[in-house]
Amino acid sequence: MNKKLNIGVIGLGRLGSLYAGYCANRLSGANLVAVSDVREAVAQEQAELLDVSRWYKNYQDLLDDKEVDAILVVTPTSLHKAVVIDAARAGKAIFCEKPLSLSVDECLEIKGVIEQTGAFFQMGFMRRFDSAYVAAKQKIEDGVIGKRVQYKSTSRDRNRPSLEFLKPEHSGGLFVDMGIHDFDIARWLMGEVKSVYTVAGVLAYPEMKEIGDVDNAIVNMYFENGTLGAIDLSRNAIYGYDIHAEILGTEGTLQLGYLRETPIQVMKENDISHDTVPGFYERFEKAYIDQLDNFVENVLHEREPAITANDGIAALNIALAATRSYQENKPVELYEREGGV
Amino acid sequence: MNKKLNIGVIGLGRLGSLYAGYCANRLSGANLVAVSDVREAVAQEQAELLDVSRWYKNYQDLLDDKEVDAILVVTPTSLHKAVVIDAARAGKAIFCEKPLSLSVDECLEIKGVIEQTGAFFQMGFMRRFDSAYVAAKQKIEDGVIGKRVQYKSTSRDRNRPSLEFLKPEHSGGLFVDMGIHDFDIARWLMGEVKSVYTVAGVLAYPEMKEIGDVDNAIVNMYFENGTLGAIDLSRNAIYGYDIHAEILGTEGTLQLGYLRETPIQVMKENDISHDTVPGFYERFEKAYIDQLDNFVENVLHEREPAITANDGIAALNIALAATRSYQENKPVELYEREGGV
Amino acid sequence: MNKKLNIGVIGLGRLGSLYAGYCANRLSGANLVAVSDVREAVAQEQAELLDVSRWYKNYQDLLDDKEVDAILVVTPTSLHKAVVIDAARAGKAIFCEKPLSLSVDECLEIKGVIEQTGAFFQMGFMRRFDSAYVAAKQKIEDGVIGKRVQYKSTSRDRNRPSLEFLKPEHSGGLFVDMGIHDFDIARWLMGEVKSVYTVAGVLAYPEMKEIGDVDNAIVNMYFENGTLGAIDLSRNAIYGYDIHAEILGTEGTLQLGYLRETPIQVMKENDISHDTVPGFYERFEKAYIDQLDNFVENVLHEREPAITANDGIAALNIALAATRSYQENKPVELYEREGGV
Amino acid sequence: MNKKLNIGVIGLGRLGSLYAGYCANRLSGANLVAVSDVREAVAQEQAELLDVSRWYKNYQDLLDDKEVDAILVVTPTSLHKAVVIDAARAGKAIFCEKPLSLSVDECLEIKGVIEQTGAFFQMGFMRRFDSAYVAAKQKIEDGVIGKRVQYKSTSRDRNRPSLEFLKPEHSGGLFVDMGIHDFDIARWLMGEVKSVYTVAGVLAYPEMKEIGDVDNAIVNMYFENGTLGAIDLSRNAIYGYDIHAEILGTEGTLQLGYLRETPIQVMKENDISHDTVPGFYERFEKAYIDQLDNFVENVLHEREPAITANDGIAALNIALAATRSYQENKPVELYEREGGV
């Protein structure tokens, strides 16, 4: 059997715990060898649950662990810069969950250290590994839809997370926290974004005003190649977790996404109904695993990362421009940022 | 402008009134010139509503009307024999709604007179004119599904009609009244039926026992070419009027039918729902019109009838065999009937 | 039988001919008594086809016809002003196809004469009579989706009409010709529009540049009540005629539209497929008829018009703002127009 | 952490290898501790792949292994009797893949030893653990569809397995190998079967005649409670792996199943299409895991087995009756078997 990659997971929140479980059980090329969380009890509990011998309160200790080949950074975004930079200097291969950071300056700092150290670094944008998006990318490249013309995508949560989670100083706000997936896919499938214009508001949860964020938004955009895009975001879909996208071309169109979770229809008097996908875990479990699998294979076989720090920066840049467009109620050009990437 | 066909409608029940309206307004090649119904007030009312100058209580008077080129027979089935035979002798072109009769002997008598008089005669089986069935027929002939292997079809009413209507002596019972459409399509798309076996019962409406009919049934069958079929019938779909069919082949499959009436989805908490087709009128309006249009064109251009008395007899024959199979709980061969068609 | 409304149809292009046919055959409360078209042969041909005794080359002659109670204005848009004003002065009830005019000034002139003469005037926006839109309006009013939050709608043609038809001086351009339906529904379901921002381009048909119009566009918008909207338009859907809409609320969401024309699925190796709605006639035939039926009933029973000149002006106003937003690449406020409605 | 169940897997064919992988990685309550296969190299390879220290050529050696608490029997069906009986006598908890055996006599022998030894024994019918079937069972029990009236189910493979696999002496033939899932679900959702009547034939693969089996069949049935059923089977769906079912009741209907694998629609000229579920693994992966999870939990917590030997016998009994009905072309009553279960 080939050598496996020894992985340490830093940050054991909801997603971090999932990732740790995937490393322990679902990745044929990897072993989970260590976990860390500032909440030591959480780290210990996960370690025991997953049959891992080492857990750390301090991520630095995990980085000092010689058994650890690679790390997954799943901490709060505010810690990404410190962890990624320390890991790069410690010579670990790095997978970092989106968003890379909440500011482009921090991103550039991270990118500088990655380049300087030559560390392997891969961004996490799991949608790129979902079978629908993979198929769309391939079909576009195969010419199935001719020339691309419009990109549309929708991200909707059933209802809002906690206000604590949503605070813009933690989450980055609606565009950075939620929209960044749509911006990343927009770039991946259509090309670079030239400008954005945002309409948004607090329309479902008045309490959002207290934390200074919006709960609904629509961003339209020009791509640099002249094509058009529109992304809509909502915290209050109510009916279910709804992620879908469309790429309209001159010779065909692709529609991505689905809504039904359980394959059963209930047929009552003049009413046919079905349930819905409840959340990101049910919708994207396989994409998460395939994304980590890809990271592991890229490290083991010394391939290029599938998604780079530049991708992380570019998506953040659009999200920040969309935020600013809303605040200033005007179209924002992406190149406006000095030293733009 | 070309000559139009002058049509008289005999029988102004629910379907007869629809047909009269279609003749008056929807058929470019026909005029409605007369109507008749034993309920004279009904005849008069329809005539006025449709701006027709002549109405008759007695269908014989309509047949004596020299202005009438062609008639639609939409009376209760028990009168079909008398009306069709009289019309054939009166030299009218005849369209007769299904079923041709409730007994094969009567059918043969009708057929004899049609042949003897040379009258133009066309059976009514509107499904053959529905766009889905037309497309299926064409695709089968074009080889899209390769060799045919299985035929499945379903007919379901939302709930039972009145007991008076359902009495087998009037309606012919579930297999003749409702199943005959499925048997006709089975023959049309697959070939002649060799044998049938029926399971059936009174499962939803106990009062059906009083009139001596069942409310649910499944008939499976061998076709003479060795292929297989299954038809299920229900008076209690509740959710909507559901007519669908499937033809499974060696290189593909066709599925026919649809359920949603209004093109709107209502998305509530963990529930996506839509309404349903309420009844035969909404589902098959265009097929009814196209069927009459076809009759008119065939008469005007002296073409062969699209559906013949033989088709009416063959479908009835299967329906009666299915009935007998249920009663005797054994497979029934179609050729068993002496003098079988 | 009640009195019927005697209708004259002015303009016998594609839609005008359809309307004339509906008046002749499909409206229980109306008679078609006259038609006019500048192409006299066309007028005569339609009159004969529909069994109407009077046809006119000059619409004024039709307006002078004492038998005519009401007219449908289905001429090129550039003639709407003259015909509507003359008809109002001639005391006819008026139905005018969208758009009311290509300029707001002309609209205001028309509106002035309507008010002055007291003529019955109803605008044509057939989507408001489609069963999906009717259901959506009702469900919103019933509180099914709670508070409205986002409106999205899509209009796509399979491919572009002739350049001659598309010339902005005739059609008004993409936003006036095609988008006006979406703008009207936006107002009807969400409320007045406050501002718009448009991204657009010539992306599929380079020859559109010659006539000075775009072939794809996305308009996002604030409504005056703070809710959000996005409308996307395309001349090159290729796959089919696709009209759909969505209203997202705080307690539910409504999705309107459908794509399959023939109720058959073709299932081949690893491929399930179906056809699509080809065009506006197939998609909206019933809505067109219901719209005319509503006009007839409103006139006969002296009810208020369902859709007014103000509705025509407001939708045009948004379409013109969307056009200007594209041209100037900035958000445009609707109230910016002096003397705005 | 609680004690885990130590599992040995006997038989490492396609399904056995999957099961071994699930035990190694996907069941939180179990460890895979040993595997066996008559092909020793296969056993060794799987053991190494799954990081298991013990592999056996001879299943008896695995049964002698004191570390093994429970076994999964995934051998060819012809070996089920020997393995299950030996395992029962060795005191192991037993999970046995369907069908229990190819003859009722062998089944009864197995059942006798299970009862005599008191061994824990659970049959494998994974559909009972699929979310759609679980939901259907619950909804029926909750009264959602009122009284049950009809049961319909369909099982279709894309194309036939190898003739070697299909030989009735190995597979049991179409009704035992494939239909047994439908018969089991029929019993589970509707109640005991009273009689069956089968139509069947070699319609797609002429070479099936050589091995003495059919490739297409439709079985209709009476349940003992008077309700009706129909099951259709095909080896040549071509379009995809299609498993669906329907339960029609007096107050509603349930439809189970789905066809699309990748959540993307491709929209080309007058054609909307999507791909299909390729096979049992993609369709039922989660059900397989949930089924093993259930077995593990039942053993660990000393609960009753979810599916018993009697269930295995009853489903086999129906499958054999369906086979005989085809061979003798007559309805077959289930109680006809002497000593019937």
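For reference, chains read A, B, C and D in written order, and residue numbers begin at 1 within each chain.
As a convention for this text, a contact is a pair of C-beta atoms (placed from the backbone, for glycine too) under 8 Å apart; a residue touches a chain by one contact, two chains touch by 3 or more.
What you see is a predicted model, and the numbers here were worked out from it, not measured in a lab.
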item	value
Between chain B and chain D, the fewest steps along chains that touch one another	1
Between the pairs B-C and A-B, the one where more C-beta pairs touch	B-C
Chain separated most widely from chain A, comparing mean CA positions	B
Euclidean distance of C-alpha centroids - chain A vs chain B, Å	58
Intercentroid distance (Cα basis), chain C paired with chain A, Å	42
Rounded Å distance between chain B and chain C, as computed from the means of their C-alpha atoms	39
Touching two or more other chains - residue numbers and ranges from chain C	238-239, 251-253, 260, 267-269
For the chain D and chain B complex, residues of the former touching the latter	147, 149-150, 152, 156, 197, 199-201, 203-204, 216-222, 226-230, 232, 234, 236-239, 248-253, 329-331
Touching residues (chain side chain A, partner chain B) in the complex	238-240, 259-260, 267-276, 278
Touch list for chain A against partner chain D, complex	1, 25-26, 48-49, 130-132, 135-136, 139, 144, 251-258, 260-269
